[in-house]
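Heads up, the next two complexes both have chain A, just with different partners, chain B and then chain C.
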Partner chain A sequence: MRQFLYALATLASHWRRRPGQFAALFTGLAVATALWSGVAALNDQARRSYDHAAGALGVGAAPSLVAASGGFFAQDAFLAFRRAGWKVSPVIEGPIRLGDKAYRLLGVEPLTLPKIARDKMPEGETLDDFLGPPGRALVAPQTLRALGLAEGATPALGDAEHLPPLAIEKDLAPGTIVVDIGVAQRLLHRPGRLSRLLLAEQPARDAPSLETIGGDALRRVEADDAPELAKLTESFHLNLTAFGLLAYVVGLFIAHASFGLAFEQRLPIIRTLRAIGVSLRALAFALVAELMLLATLAGAAGMVGGYLIAAALLPDIAASLEGLYGAELDGALGLTPGWWASGVGMALIGATIAAASGLVKTLRLPVLAIAQPFAWREAQRLWLLRQGALAALALAGAAAALLFGEGLEAGFVSMAGLLLGAALALPLPLAAALRLGEKRARGPLAKWFFADALQQLPGLSLALMALLLALSTNIGVGSMVEGFRRTFAQWLDQRLVAEIYFEASSEAQARAIETWLAAREDVAAVLPLCKARTTLRSSPVASSWPVEIVGAPPHETFSAHFPLLEARADAWGRVARGDGALISEQLARRLRLALGSTLDIPTPTGNWGVEIVGVYPDYGAAKGQMRVDHAALAARWPDARRLDYMLRARPEDAPAVMHALQTQFGAGVARIIDQASLKQRSTTIFERTFAVTAALDALTLVVSAIALFASLTTLAAARVAQLAPLWAVGVSRRSLSWLEFARVTLFAAATALVSVPLGLALAYDLVAIVNVRAFGWRLPFHVFPSQWLEVFALALLTAALASLMPIRRLARVAPASLLAVFANER
Partner chain B sequence: MNAEPSRALLAPLLLALALCASAPARAAGFAGLGDDALGFAEPTPGHALVFPRDHGAHPEFRIEWWYLTANLTDESGNAYGAQWTLFRHARAPRDGDGWDDPQAFVAHAAVTTQTLHLFAETRARGGVGQAGVEAAPFRAFIDNWSFSATEPNLSGGEITAAAPRFRYSLRLSAEKPLALHGEAGYSRKSESGQASYYYSQPFFSVAGALAVDGVERKVTGRAWMDHEWSSRPLAADQKGWDWFSLHLDNGAELMLFRLRSDTSLPFLSGSYIAADGATRALARDDIVLEPLEQSLVSGRLLPIRWRVQVKSLRLDIDAKPLNSQSFMSTGVGYFEGPVSFVGSQSGKGYLEMTGY
Partner chain C sequence: MSVASAACDATEIGARSPLLRVTNLSKSYPGPQGPLPVLHGVDLALAAGESLALMGESGSGKSTLLHLVAGLDHADSGAIHIDDVEVTNLDDDGRAALRRKTLGVVFQQFNLVPSLTVGDNLALQARLAGRFDESWRDQLAARLGLSALLDRYPEQVSGGQQQRVAVGRALAPRPRLLLADEPTGNLDEATGDAVLDLLLELAATAGAAVLMVTHSARLAGRLDRRATLAAGRLAP
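Moving on, here comes the complex of A and B:
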């Protein structure tokens, strides 16, 4: 034990003498943990919110029966199932609008709710309050805060309707409002209609079957099916995870570089320790204990950083999830024990990976072996070979994933393989270039410059690899985001042609507004939209996918402007006839549908056979969408939502029309917006989505700068021994400093050069594979040379900043220290 | 002294506890049974019950229940008990349309054998057709359970219930009249004015089928039906009761109860219904109910063997349950199970115990 403690103290003394190296190691591990755990916290938070939303009062936590065609069904089904002995509980849900925010109104029947949900319902006398009149509207505390209201308030829902008095129920998901089923049916204007039947108990074995009671109108949905939101947002979170992992890997590069150097520099200490009788076991224990201690400390610091990163990114993530998927996230970050454990675990694993090779090398050291800190030179050829082999392996993996893999995971694997392969291969061209330089160089100083750089390569290669990863990610993600931004802006211009968009607060209001608008001369056209939801299945893929179906009337606004990727010549005519449908690009990919495919859409009035006559890009939502004729949809979906309108008017008349509408109908117009504001809002959502990407991207670059700085600082101390002979033969300290600076800058420039093609490959992978698989849309591939210049400048700046301190120290090193090199026995 | 709390105590208790997860703290009496009946109708003496109208629901009263217990025997001579109960509870003294209807229902069904006691509970809102009670022809129903009469005077009918492990379908017939408790059906509950309307049909003979765990048996026997409604049937100090409905082998019927108070002596009452259907109220000091043996049932100590005496009838019997574990673990638990008795008379019946 005492031996172990002395060994540990001796080893730890190294860090006291090299605080910079310790800082680099600590930072590397902490940053890796921070980025990883930050992303994990965001993903956890989102996942909890989805489960919460799905599990609100057991809706989704229990198996249930839903309309086979999607949408609502008659309440009679509830009675039919109860009378057949099935313990079902009726639920109706739908969107409502308070102010300009949408909420999910959930109507439940507390007496028949499954037990799991009943436990969350009000108890005692408050149950009578809930049933009313006037009843209660249960909301999460966050929702109440967001509404800016107190318990007991009865916010108005557009025209004359009010919610029952609000009451807090802390277990509810934010954005969900729970009321009694009767209240919900009234507020949603769906009397006698239901959206699902929860199964409180499994039906008895001898009970009539589902088909006997309900025919094929209802189908069973199991509770353990992933909630719809989780399914939709899966890709988004995978994207985040991939970025978190990339940052983690870059962080490990730093830690690995620092550990490697530390082990090299501590070989004399270890030799001495072994020589004075410290057992190999005590030494191993000491090294491992040191590693674990470091990892735990750095991990803890990283967790704090991760929390800060997650807290900073949460608003953007929440905004883009809400904008893209309609998913509401709890605004306050909740941290679970699992998150802490996984974060510290990742730090320990990271430290072990980073230290493994150094540890093994140290422990295999023969007691009397002479430490050769710079014996790497001899092994360089072997090292390069190994790097090359590993790179080839990684690239082969990438190719295999690309060729044989499917899905987003395979896309990321190929991307990771490509990045890793390229990073590992980086020293090869650098070494070749340096050898060539050495051969061609004239004069001893120039020859020395190249030879010395070649010798420095292994020590710096890890930092350069980290820099390469960061730079190429920067180029790749930058091109993807910039390309997307342009495509998106162009798409918005084509898609948003109507001058005014609004939403009526109820169907009655909608009819009244329609009549009123028709009489106005400054309104050129009133284009009502009709919306329904269903779940589509297609034969090529077994899975089903939630789809929004939008019905629009035949009008030049659509046929002349609506952006299509591909279409039949008579597409709009076919749509107007009711036997043609346009589908969004992501739906086409998801269900493997193409132009000319036929599709049976389940509707409440039976299946509706349509042909796909066009495919359109839809960057506004990740959910699948389909567009059909307004009248055809309304005829098949009696319950379809008919509240959304587009108005055509002369642009200069638009403000007056909007004003008149609002004056005339007040709260009867729930949401009204002009074209420019709608574009602005869409762009904001877009920017917030990619703000997260940009932030992680920038953090990765910062990490790689730290890596370079750490490597240079640690190397600088050892450089004195190599520079002293040059100084002794007459090269000034100033010249030496310049040479050092030139070397680092050259390395960085070479890395930046390599990063351009790698970044482009990455951008292509993102645009052509990852985006398509994650979001279902294929963007045009753009190249932005100005970005490359930026990255090049960034690389040089990073290198210059990182080398500044070590080189300044070198320029000011006391001649005595340089002389001391010759006095030392080394 | 002819007050008859009888099952009036039980119904609101079950409703209050089945509808709500816990008893309201401010409630007076037992599970809110002493609460004010503000706005609800109150039973009045001298009011004549009119049939078949009064077989139906009385939404202007807060609580109401239809209760049937049957002592059955299969072809091999094995004894069974069957229970069917529908409770109604109103949040407001009115009917309503659809989900706005303030009426709510809870139903219990049970089957007892010598070794098994199986029970089920189901709940419903009124107004939408999931549960309800119609007067003529009489039909009380909830989900796939129902109690329906073929005759306007309830002399014939059928009762069915199904649960995961049991189901029964029993035909009922009675040739004797209904028994009106108390003063022509006005049944006093306390000195301070609590009362209910309460009548029974104790003479049902039963034949039908009963299945336990998938094994169906033909059964025959006798059944007792109660219908009672009120708005505030219980005094604040009344905490539980022991209730008997007994079919005597000589063809007569006996209903007895003991109401336990935490501030005064127990309150005893009952009705004797002779074989010809003539009903006589029993005075408090005419009845002696004496626990003989206690047993641990579902974690509670319950008196499961009783000595029952009615002095004016020279009746002295020893009653014990078919299955001492006939406990209904629904909401707040209560004991409801078939009993048999020997002594000066022999026969079968049902025992209900609450508040232990």
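Moving on, here comes the complex of A and C:
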């Protein structure tokens, strides 16, 4: 124990003498942990919200029976199943609007709920209160805060309806309102209708089968089959995780570089300790203990940083998730013990990875050789060769994942392999270029410059790799985001042609508004939309997917403007005749549906065979969508939602029409928006999504700048000994400083050059593989040379900033320090 | 003082029991044309309190022999006994314990810990061995002229002072055997003489035997015995 403690204290004394190096190492580990744990906190927060939403009183967390054709079904089914001995509980759910925000209204029957849900219900008197009258509307505390109301308030809906008095139920998901089923049926205007029957327990063996009781009208969905938010948003979070991981890896590069230098610098100490009787075992324990201690401290600091990053990004993430998927996140960041444990765990794992090679090399080299720099350099050379082999392996892995892999994970594996392989291979072209420079150089100083740069390459290569990763990610993600922005803007212009969009608060209001609009001369066309939901099955992939079906009337608003990726001749005519359907790109890819295929759509009135006559882009949509004729849809789905409208009018008349509509119908118009505002709102959602990406992108670049700074600072001390001979033969400190600056700039410029093709490969991977697999849509591949110039300038700026302090210090180094090199007293 | 017959075996130590006994020791290093022999069947003995100068040309195997005795390297064959403990049979932990508790090693290049002060460097091995005696450390520091430098770091003192710190560190745990590899090789003649005087005097005070590698016949002449290694064998 004594050996261990003194060895640990002696090793740790190194940091006291080199605080800059310690700061670099600490920062590397802390930043890596911060970025990773920040992303993990955001993902955790979202998952908890989804779990809340899915588990809201057991809905989604228990198996249930739903209409085979989607939508609602008659309440009689509940009685039929109960009479047959099935322990089922009726549920109705649907959207309601309070103010300008949508909420999920959930109607339940508490006495028949499964135990898991019943446990969450208020008990005793409160249960009586819930059943009413007037009943209770249970909401999460966050929902109550968002509504700006107090418990007991009865907020108004359209149609002069009010919610029962609000009451807090802390286990509920934000954005969900739970009321008694009778109240919900009234508020949703679905008397006697249900969304699902929850299975409280498995039916007895001798109970009649599902088909016997309900025929083929209902089908059973397991808890996991439900289209949960967690599944819908999986890709979003996978992208976020990939970014967090990238930043983590870049942070580890700093830690690896610092550890490597620390091991090299401490070899004489280690030799001395061994020589005066510290056993290898005690030394290994001391080194590992030091590593763990450092990782824990830096990890804890990183967790604080991670919390701050997550808190800063949460509003953008929440806005993106709500805009894209309708998923509501709790606005206050909650941190679980699991998050803390995983963050510190990642710091420990990261530190171990970063230090492993140095540790193993230190402990394996013979005690008499470890202080000889030559032996270390030899080992480094071998390590570089192995690094080259690893690079080849990583690139081969990327190619294999690209060629043979499927799914989003394979896309990420190919991307990671490409980045890692290129980063590991970076020193090879740099070394080749420097050797060429050395051969071609004429003057002695130029020759020395290249030879010296070559010698410095191993020490700087890790920082340069980190810079390469950051720059290429910048180019890759930048290209994708810019390409998306352009495509999306163009697509919005084509897609949002109508001047006004609105939603009626009820079917009755909708009919009244329609009649009123038809009489107005300033309205050129009233285009009602009809919406239904179903689940489509596909034989090619033996899979099914929930699909929204939108019915629109035949009108030139669609046939002349609606953007299509591919279409049959007379596609719109076929749609108007009711025997053709347009499907979204996501749906086509997900179910591998091609133009000309026939779909057999289950509807409440029987199956409906239509041919796919067109495929359209539907950027940003998480679910599949299909567009058919309005009348055809309404005929097959009597329950279809018919509340949405598009209005055509002269742009200058649009404000007056909107005003008149609101004046005439008040709360009867649940939501109304003009074209420009709708475009603005859609664009804002995407901008906020990409704001998160841009923030992580920028942080990665900052991390790489820290890596470069750390490497240059830690190498600066050794540089004095290498530069002293030149100073002695007449090169001024000022000239030496400029040469140092030129060397760092050269490295950064060369790295930036390599980052362009790598960034483009990354952009292609993101656009053609990751996006397609994650979201189901493919963007056109754009290149932006002006971005490359920006990145090039950014690289030079990063290098300049990182090298400023070490070079300034070098320019002011005291002649005594340079002389000390020759006096062998350093 | 015995001069000629340094190639003695354990039986020649006479009445004094040998503290160090090296028997038929051989060592070779891998070379481009096969193993390169460095030591051939070396026999050597050293009694407690005795000092022996190990001389020879560069590459004759002096440092290798010292490293083998210190348990820093492994012999191909033969045996090394220190206090009847066979060093060649010890595992890494055993060898480390031997160096910590029984030996003191002074390296040519000082090998001080740059991040510890002179005072901490002096105390390091004694603390590791659990034998730290502050008064003995202070006595050593005073005798070595380091008392005023205890709070400085190695880079802040001169080469001669660093060498004295290395000597003090090796003597601080009161080792039974002091191994010194050219302990004055980096010093001028006067400083070298002063350091050697101190080393021998303090070793005698601590009751330690001394095995010192040196190129200098003048310095070797000040030790009890001399042995010369030539082509890996002790000269007759």
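To be clear about the criterion, the second predicted complex is superposed on the first by the 805 of 826 C-alpha atoms of A that agree within 3 Å, B and C clash if a C-alpha of one lies under 4 Å from a C-alpha of the other, contacts with A are read in each partner's own complex, and residues count from 1 in each chain.
By our rule, contacts are C-beta pairs under 8 Å (C-beta built on N, C-alpha and C of every residue); 3 or more make two chains touch, one makes a residue touch a chain.
Quantities reported herein were computed from a predicted structural model and do not represent experimental measurements.
Annotation: superposed three-chain arrangement on chain A; chain B versus chain C shows no clash, the two fitting side by side.
Once the two complexes are overlaid on the shared chain, A:E652 sits clear of chain B and of chain C alike.
By the touch criterion stated above, A:E521 is placed in contact with neither chain B nor chain C. In the superposition on chain A, A:L280 makes contact with chain C only, not with chain B. When the two complexes are overlaid on their common chain A, residue A:Y6 makes contact with chain C while staying clear of chain B. Seen from the CA centre of chain A, the centres of chain B and chain C span an angle of about 110°, rounded to a multiple of 10. When both complexes are overlaid on chain A, the residue A:T112 reaches chain B alone and has no touch with chain C. Contact with chain C, but none with chain B, is seen for A:R16 once the two complexes are overlaid on the shared chain. Legend: residue contacts after superposition of the two complexes on their common chain; A:T272 is shown touching chain C, with no touch to chain B.
Judged by the touch definition given at the top, the superposed model places A:L131 against chain B, while chain C stays out of reach.
Superposed on chain A, the gap between chain B and chain C at their nearest CA atoms measures out to 64 angstrom in whole units.
Residues of chain A touching chain B in their complex: 75, 78-79, 82-85, 87, 109, 111-112, 118-119, 121, 123-125, 127-128, 131, 133, 180-183, 185, 191-192, 201, 204, 206-207. Within the complex, the chain C residues that touch chain A are 67, 70, 72-73, 92-93, 95-101, 103, 105, 107, 111-116, 120, 124-125, 127-130, 153, 155, 158-159, 169-170.
The part of chain A that touches chain C in the complex is made up of residues 2-3, 6-7, 10, 13-18, 268-269, 271-282, 366-368, 371, 824-826.
Across the interface of their complex, chain A is touched by residues 19-26, 91, 98-100, 102, 104, 122-125, 128-130, 143-144, 162-164, 167, 214 of chain B.
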